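Chain nomenclature is as follows: A, B, C and D, assigned in order of appearance, with residue numbering initiated at 1 for each chain independently.
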């Protein structure tokens, strides 16, 4: 009477590499010295966009001091419209160099977004992990080449896609030879809260579901999920409490002046306070942080 | 060019009673001896449906021992279809009597759902707080009469409605004279996780938004939001971590045999374990529980 | 691994009265002399809100001349907020009298919304069909009493509910003895078009699905589904072309000055033009109109 | 109090090329001899996947005879999972050759999907128009290169994206030098109908909105929007009735045996019947077809 829908068995048969087998223990993904794995809570922090050398180094040093395990920074940025004004930085290779310098200075591994399948080699020279943004989640040529590259991949969920599509995308990477995939929930679009709350809402049950369905680590991006500074710390705490394996978030020396998404980045002090809250909660939950 | 949409100012001018004024402190709603208020975390627990005297009393005693502050139990149940088999109890006034007996035995205040505007007087004899279910959120005659009654109201959000409709519904109750309203997020329908995760997803950012927009207490229902036993404890922890003022959840002596929603209730031991986790997290967050 | 979801068989077993059996022909619902049935296209038109005697009579006469088969008019109006200014009319029984007068003058049957289960007797004196608005779709006491009343019911779908809930609501009415139910799709909330297009979007595939699942007539409300005057005529044409059994829409003598929803009503001339378009399309589709 | 949302003015200032200026007439996009423009209704038909030479040629001939203006056929197919069984064809360049042969035989222009930015030159040798699938709607490197190529582009909307993202994607193509863009609505994911109706639902109001916001032609894909054979013809009629400039749909010699999406393709006879219905409706609407 209706269209036959996907069944759980259909999906499981299509994710032999990504799917969790009965009693299978969770996978640990190593990025430099950092272990993303169950029982730990990894914090990745840094500027959404690398706006210059000084701000990148300053932010890297500050988030390290506050206790972050990895540094993030964007050199290639997907923008909804093709117009970039003075404030919309995309430093490309120059930005990657600052990111690498920040890594050298702090000793922390770094992650940056890859947009173009033709840039993989270039970007691979500077980074320890490549982030596939929500909009590229089903860019299959990109997933294939990242699969072949072997470099750790942070695979964000598209804001309009469910678990089936997300796990299928991860399966592409593993199928092409790369087991080092970390899933990242970054918020979905829903009608029910639009405009009066935030642009997206974080789907924390997706973290639970993803951890049931796969053996891969799953983290949360409270910055893009909320798009609102005041919500970042509460959502970060909720991500830890619900059982995520980490978070990735935007930190900026002067958040109000951030080139992109100035509404969502945390300043250094706010980030430091958040880290203290997270360590307190992690300690009573017996999670290593 | 497009339809004029609602603006924040429009909404604020329509919720003079419910809306939070600048620097306004949060309201405390008293239900019996229990205070629902910011800085506290109240746990309301009990059977989704009151299936009999013994199970109601046993559950009430057990959740009290585990540390719950209030007892819930359903005597009138909204069902999607008009057919009630042997397992779909609706004890009506008989159930209300068992609930009242449970209150007497434990000393804890009780809450139960009201479905029909013509039943308010009857139900009011047995309960300390009336729950308006998601499906009745915009049943305006019911809201008006509850407003006139003065009894504390637990107002759940419809799974397909946003903040505007929710706050408007609360405003009806206050407008008709009753300031004792507690908001409750119970999950929304979204396309992105359907079938592979849970039937609804909990929108924890709605808790943050509701607490910004209003001065009323806001709690979370992890049982109906997840519809899945294994997700209840993680979502309950996340609700606490994000800043909700409490939770309401289903507890049943033998959850697998619950008459309604057997997939989501916690057993006594699971509930006791959850309470310990919550107390640990509350203590490091300096929240009274 | 996941929560067991509803299956089609589960639903079918719960809608023995509403569900379409193999080869079952569609039901005809008679409202006065009007037949709502497959192969016909019924147009119901009139003011969203009855603002006064003159405007009600003028509109009734005008929509009859343009070819409408039934007249609509609201005397009890659900409003999101409790505040009614000068422009938010709710004439209650006075409005019902004008509606009945319009019926007498034109000879067309009339439909009006029922909000409160306690008003059924009153409203039944003045109307040929009672409309259950989206917000009351799962107001089960109201559905039960309408089932007992036997009066034809126009059951709108909640903007946040799917087919299962909608059919379950219709089953309540039939179960309590009333086979005269017409379903009405009135738009759903979706994230994808919000703000830049219209407040709701019409789900025309729901018309197809509802007609597969049930034997009841299904009509569309292009006014509330679009909330935008310029979209009403195109959506009305699409409703006819996709196979709906009719439409219900807002017509007002001076639409820009309508007390409620001034953005969506059609003026008399626009309505007359639309009717001509519809008759042309109906004729080539061999649909009686 | 809440996150600042996008305003209409923000969007308009970001789509200087794609946005419709006051009184601007609609653009005509020429693909070979075919004009996609307001006042016409173009039908593009063919197999979802090119499964072999014979089926491609047979389908091309058949849809031409039935009155189609363009032929579609997929040689590169995005699949949710990396596994392709015997029935999941992807003939790549071989398929493109069959498509080109079909063009030669029928004289009709052809359209095919482009998945990889590195394949543009190859694909351009065989096709008159390149289709960007929903999943690549925000693959910005691909959009840029298609902008530079000048070849007509059929830009499908992502099933989880709204108008802002869709128009931004089109702006990329025009900004890089290519004015020949046709927008295509192909269904969105919504919670309200899932499972019991179809996998996606078509958002026909998006056609109205897109035509208000831009001067570009807008067509509809009833096959992927419904994912269900029985719904294709009704949705195609509705697309015409609401004012779309055309449709693109799946036709297959033996639809039940289609390699991909066997549930949605029309057979030759069904397609021929649909074309007759469409011509009848177009004639009374004074639309050229």
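The rule we apply is simple: contacts are C-beta pairs under 8 Å (C-beta built on N, C-alpha and C of every residue); 3 or more make two chains touch, one makes a residue touch a chain.
Because the structure is predicted, anything quoted here is derived from the model rather than measured.
Touching chain C and chain D together: A, B. At the chain A-chain B interface, residue numbers used by both copies make up over half of all numbers present, so the two copies contact each other through mostly the same positions. The angle of the rotation carrying chain A onto chain D, fitted on C-alpha atoms and rounded to the nearest 5, is 180°.
Centre to centre, using the average C-alpha position, chain B and chain C are separated by 32 Å. Chain B and chain D have centres, each the mean of its CA atoms, that are 46 Å apart. With touch defined as above, residues shared between interfaces to two or more other chains in chain C number as follows: 2, 5, 8, 160-162, 164, 189-192, 194-198, 209, 212-213. Taken chain by chain, the contacts link every pair, so each chain touches all the others.
If you check the complex, the residues on chain C that touch chain A are 1-2, 8, 160, 189-192, 194-195, 209, 212-213. The residues of chain C lying in touch with chain B in their complex are 2-5, 14-15, 78-83, 115-118, 135-136, 138-141, 144, 158-162, 164-165, 168, 171-172, 175-176, 189, 195-199, 227-228, 263. Residues 5-6, 8, 11, 160-164, 188, 190-198, 201-206, 208-209, 212-213, 225-226, 230-231, 234-235, 237-243, 277, 280-281, 283-285 of chain D are the ones touching chain C in the complex.
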